[in-house]
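You will see chain A twice below: alongside chain B first, and alongside chain C after that.
Moving on, here comes the complex of A and B:
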């Protein structure tokens, strides 16, 4: 369904990959060459035929060749996926690390100044454009304080410490620009709800220490809806990589898809969208499996 | 803070000065002059004799700073921001943004300097002679090795030129060097170009992508496609090391580079990292954080860079002409009076102030002050709303007429140009609806012929034929103002521009360009030339360069950058 939608949408976008690759008016090509190229990339075929050819090749693991880069889309994706996963993974980790304690504080100190401050922080995170936040962080931490590089990306496998340093600001931007707030707000709401339950009152009546009540009985039960939001946040991070990777000049899937869109490089756009779709489906699956782990009742059912 | 101009201020340019600087650029081929007259010594000082009457160039902090000994540190690394190439094979690449990278890795058969003057000390041909209007003989430099270790020979040059001329290569340079009918190689160091027709622009065209010579061995072993991602067969100052798309490209010193400057071997640097940063604000942050030492600066950020203690700005005046191209098949602009009316409706002075803070100049014609054929006395339409209204009415388009235009989405300058023209037209009762389309799709959309006009810039070429020929000859490569139905422009303009390109006498050639421009902007009003765009390069004070940071076409040239000692 996603791929059909994608093909349809791409057909509505003005522009043409051959024109984008070989010149504004194809001046470097004569009519026969242009026709040959269109044939080579299947662009001379009606849209349904193009789609079926793409699906047929996909079944054999062939995503086609990039018209712009003239390389296999699979090769390009192999280079880009780890980059986006590194940033998104780090951002998710930061989001959870920030949101978990803050969400608990906001819930426990419900209706206090702390709660209002943290709710304000969450609202600001959701409202603030990631692009703007990224620039602010760059100016503060890279230009003024020189703590982090403005650009550049190091893979975890190359140099773990440098990788953390180069990924920190992009990950922080992605985390603060939405996902931390999403998790914090959900955890707060769920925990407030749980803390009103009879079993919490019972635990307190039995003399269980306040911290243990919150951590062992409250947070554990508030985790179920929170895990759902963490799943959504991961998908949000993958989509948000388009902005984050552009601001921080990171060669991941986000930058790839923007460049491919500009160049009307249909095979690459289709490849990236397909990979993101597969990831989102996989995340949903992992989320469902996590439910079962967290709540034995679901497992039994 | 330092703000200097790499170009002599346009107001100080006289016709004589411009022509003087072009005396070699335009090539006085009628006298079969020997243009490159260097000897075998590779360490040729750039001489002023080749550019009689040339105006002194204002000093650029890095670009033109003299380079005497101790201030130049040999070695070290710097990083610069440039446009990201799509293809690093000079014969198959297409984007104008690729040149700045290609020029670091490859050398040209005939190279030109910041004033578009062909210079033997920069060229792979140590000497060239125009034997007749249809024959050019080139003598190749000795001892030039490509990065793969093979030698530069006449055979390699022939192979490269024939590759470009072969339609199967689909090279964008084919048109530029198409006057070459055959190539002879009487010996290993001599190349004779036999032209099918005289072409005064050919020498400077060889300073563009079409004259970049690549090792035959590398091209054959890798193939055109693989060479495009790993160009290891250039002879330029830097060797290709690694390219991470959307991130950076690393270059290292070519230890066998043939060029020297003031007795010092080039390049000065050991390593040069090119970074590809699409966001101007991020590029500026990298410059401020000294993470890069050179990078483009947008018009909006100029004041920030100028006020920074350790940064300076290099300016290239007249790198492009911002224009409105008219669809001469549209109901409104079929009539030349309506096209002239639009030209009179544009307030160029206000546009320069509003968009460029007065840093640019209102345009007279398509050629800019950076080009030798620029004519400061060209009669150009100026803002006259009354005349605009009269002309529109005479063409049958009074109050209530709507014009539909097209331009680039996401580019602030085009948005502001459109707003200013909309405002002027509104005052005479004409409505202008603008459609903003993604960059890659604008031309394709325009070619459909459903819009009346398009706002676009046109970057200069080293030779005026590169600009005027491509823009205003029927079926030219970038002829935006042609009739989308017939692809025709004006036969007499076609004839004038063709004649100019076949005319080797500089004075006659200049006169032909003047007449052609007059017809283009006044009689036929093929395009409204609004103002000349500048290029700005921000530079950290820790670096300098032993040549201009710009080439004659206004693109960055970083081969001679050094770290200050």
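Moving on, here comes the complex of A and C:
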């Protein structure tokens, strides 16, 4: 569905990959060479035919060749996917680690100064454009303090420590510029709601220690709606990678899709869109499964 | 999350006349200084956008190569950019693209979303199913990439930016509206209207719409801040309104190249986005509280 939509959308683009690569005026190519190139990449076929042949190849695991880079899209994606996953995964980890305790504090000390401060922090996080935050962090920590590299990216597999150092700022940016706030607000709202329930009063009346009431009875139940938001946040991180990877000059999928769109490199655009769609579907599936795991009532049904 | 909160707040329509409601709103704004400041920030931005030519100290496009990448000074309170243009004037003129894009996108998407939501909620059945499936598939995909693809396809102009933001915003209003319609569909006043032989059109527009519009107003306020962020992101990625027209996102895109030499280029346009978006969010929250009968 999404792939069809994007396929159609890209076909509206004025100019095709050939003109994008060899110049719009076509001075470097004569008409015959142009036609031959179009034929080689199947661009002379009608759109539905192009789409069907793409789907047919997809079933065999072949995403076609990049017109710009002259390599197979699968190879390019294999290089880029781990990069984006490394940053997004790190960002998700940071968001949850930051949001979980803060959300609990805000909910337990509901209406206190702490709650106000944290809510303000969450509101600011939602309003903060990620690219601005990223640039500010770069200026402060990389340019002024030189704690982190300004650009460059190291893979987890080549050098884990350097990888953490090079992905920390991008991950922190992605986390603070949205997802932490999303999770924090949801957890706070859910926990406040849960703490008003009768079973919490019952637990307190039984003499369960305050901490145990919050953790075992409160947080466990507040986790349910929070898990949904964590799923949404993960999808949000994948989309946000477009911006983050541009700020920090990281060679991941976000950079890839922008470059591919500018070069009208349809096979690559299609490939990235497909991968992201698959990830989003997978995230939804994992969210649902976690839900069932956390709530026995859903499992029984 | 916002949707639920909004729905809760409006579960029972507040009684009282219009003037009473207006007084309650006014009280809400006066009671909280932050809301008042937010309101002033938003109004201030509108004034800047309307009077940009008169207010901006310089022409935002005039270049001065002898005074490039300057730090803030009396002549250039926000400094100058890589072409020696006055950053303050560019920030002021940048309000125009931001507000035009956001206001148009919110108006369009609210109109479209509300219509789709009403039809889906009221008619139900297959049509409901079809509309909501399409909307689900839009939501499932990261909005920024969809918007980016749209702008790439139709050219980086203000018009395609507006349409791109509209497309990714429609689901919010459609879902909210559908939920609202479903909640009033079986109420007595709708049944009464139907019993009196009112046409479906009349029921939808005259009886249902006025009763479910308040949450849409809140959603539209929050939608404004979303649209402003979206426009800025697109401009930052080079897929917004093209230079030399000053846009906040575009200015940050330029600034990214000069973080070593002039950090002020980064500071001010970003702060403008941040303050406007934060103010709109605060306003949205205040409106939501003001409409919640339980809070007054």
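Following the convention adopted for this analysis, the second predicted complex is superposed on the first by the 301 of 301 C-alpha atoms of A that agree within 3 Å, B and C clash if a C-alpha of one lies under 4 Å from a C-alpha of the other, contacts with A are read in each partner's own complex, and residues count from 1 in each chain.
In the analysis below, a residue touches a chain if its C-beta (ideal position, glycine included) is under 8 Å from a C-beta of that chain, and two chains touch if they have at least 3 such contacts.
The shown structure was predicted, so the numbers you read here are calculated from the model rather than taken from an experiment.
For the composite obtained by superposing both complexes on chain A, the positions of chain B and chain C are in clash. In the superposition on chain A, A:192 makes contact with neither chain B nor chain C. In the superposed model, A:246 makes contact with both chain B and chain C.
In the superposition on chain A, A:143 contacts both chain B and chain C.
Contact with neither chain B nor chain C is seen for A:96 once the two complexes are overlaid on the shared chain.
Judged by the touch definition given at the top, the superposed model places A:229 against chain C, while chain B stays out of reach. Applying the stated contact rule after C-alpha superposition, one finds that A:135 touches each of chain B and chain C. Look at A:255: by the touch rule set out above, it reaches chain B but stays clear of chain C.
With both structures placed on the common chain, the touch criterion links A:214 to neither chain B nor chain C. Of the two partner chains placed by the overlay, neither chain B nor chain C lies in contact with A:106. The superposed model built on chain A shows that, among 42-50, 222-230, 276-284 or 510-518, the segment of chain B colliding with chain C is 276-284. In the superposition on chain A, chain A positions 13-14, 135, 138-139, 143, 150, 246-247, 261-262 are in contact with chain B in one complex as well as with chain C in the other. On the side of chain A, the complex with chain C involves touching residues 1-2, 5-6, 9-10, 12-14, 123-124, 126-132, 135-136, 138-139, 143, 150, 185-186, 189, 229, 235-236, 238-240, 242-243, 246-247, 257-258, 261-262, 269, 273, 276-277, 280-281, 284. On chain B, the positions that touch chain A within their shared complex are 86-87, 94, 167-168, 170-172, 174-175, 225, 228-229, 244-248, 275-279, 281-282, 285-286, 288-289, 291, 437-441, 443-445, 447, 477-478. Contact residues on chain C toward chain A in their complex (touch as defined above): 1, 5, 137, 140-145, 148-150, 152-155, 225, 229, 232-233, 236-238, 249, 252, 255-256, 259-260, 263, 266-267, 269-271, 273-274, 277-278, 281-282, 285. Of all the residues in chain A, the ones that touch chain B in their complex are 13-16, 19-25, 27-30, 33, 68-71, 79, 135, 138-139, 142-143, 146, 149-153, 245-251, 255-256, 259, 261-264.
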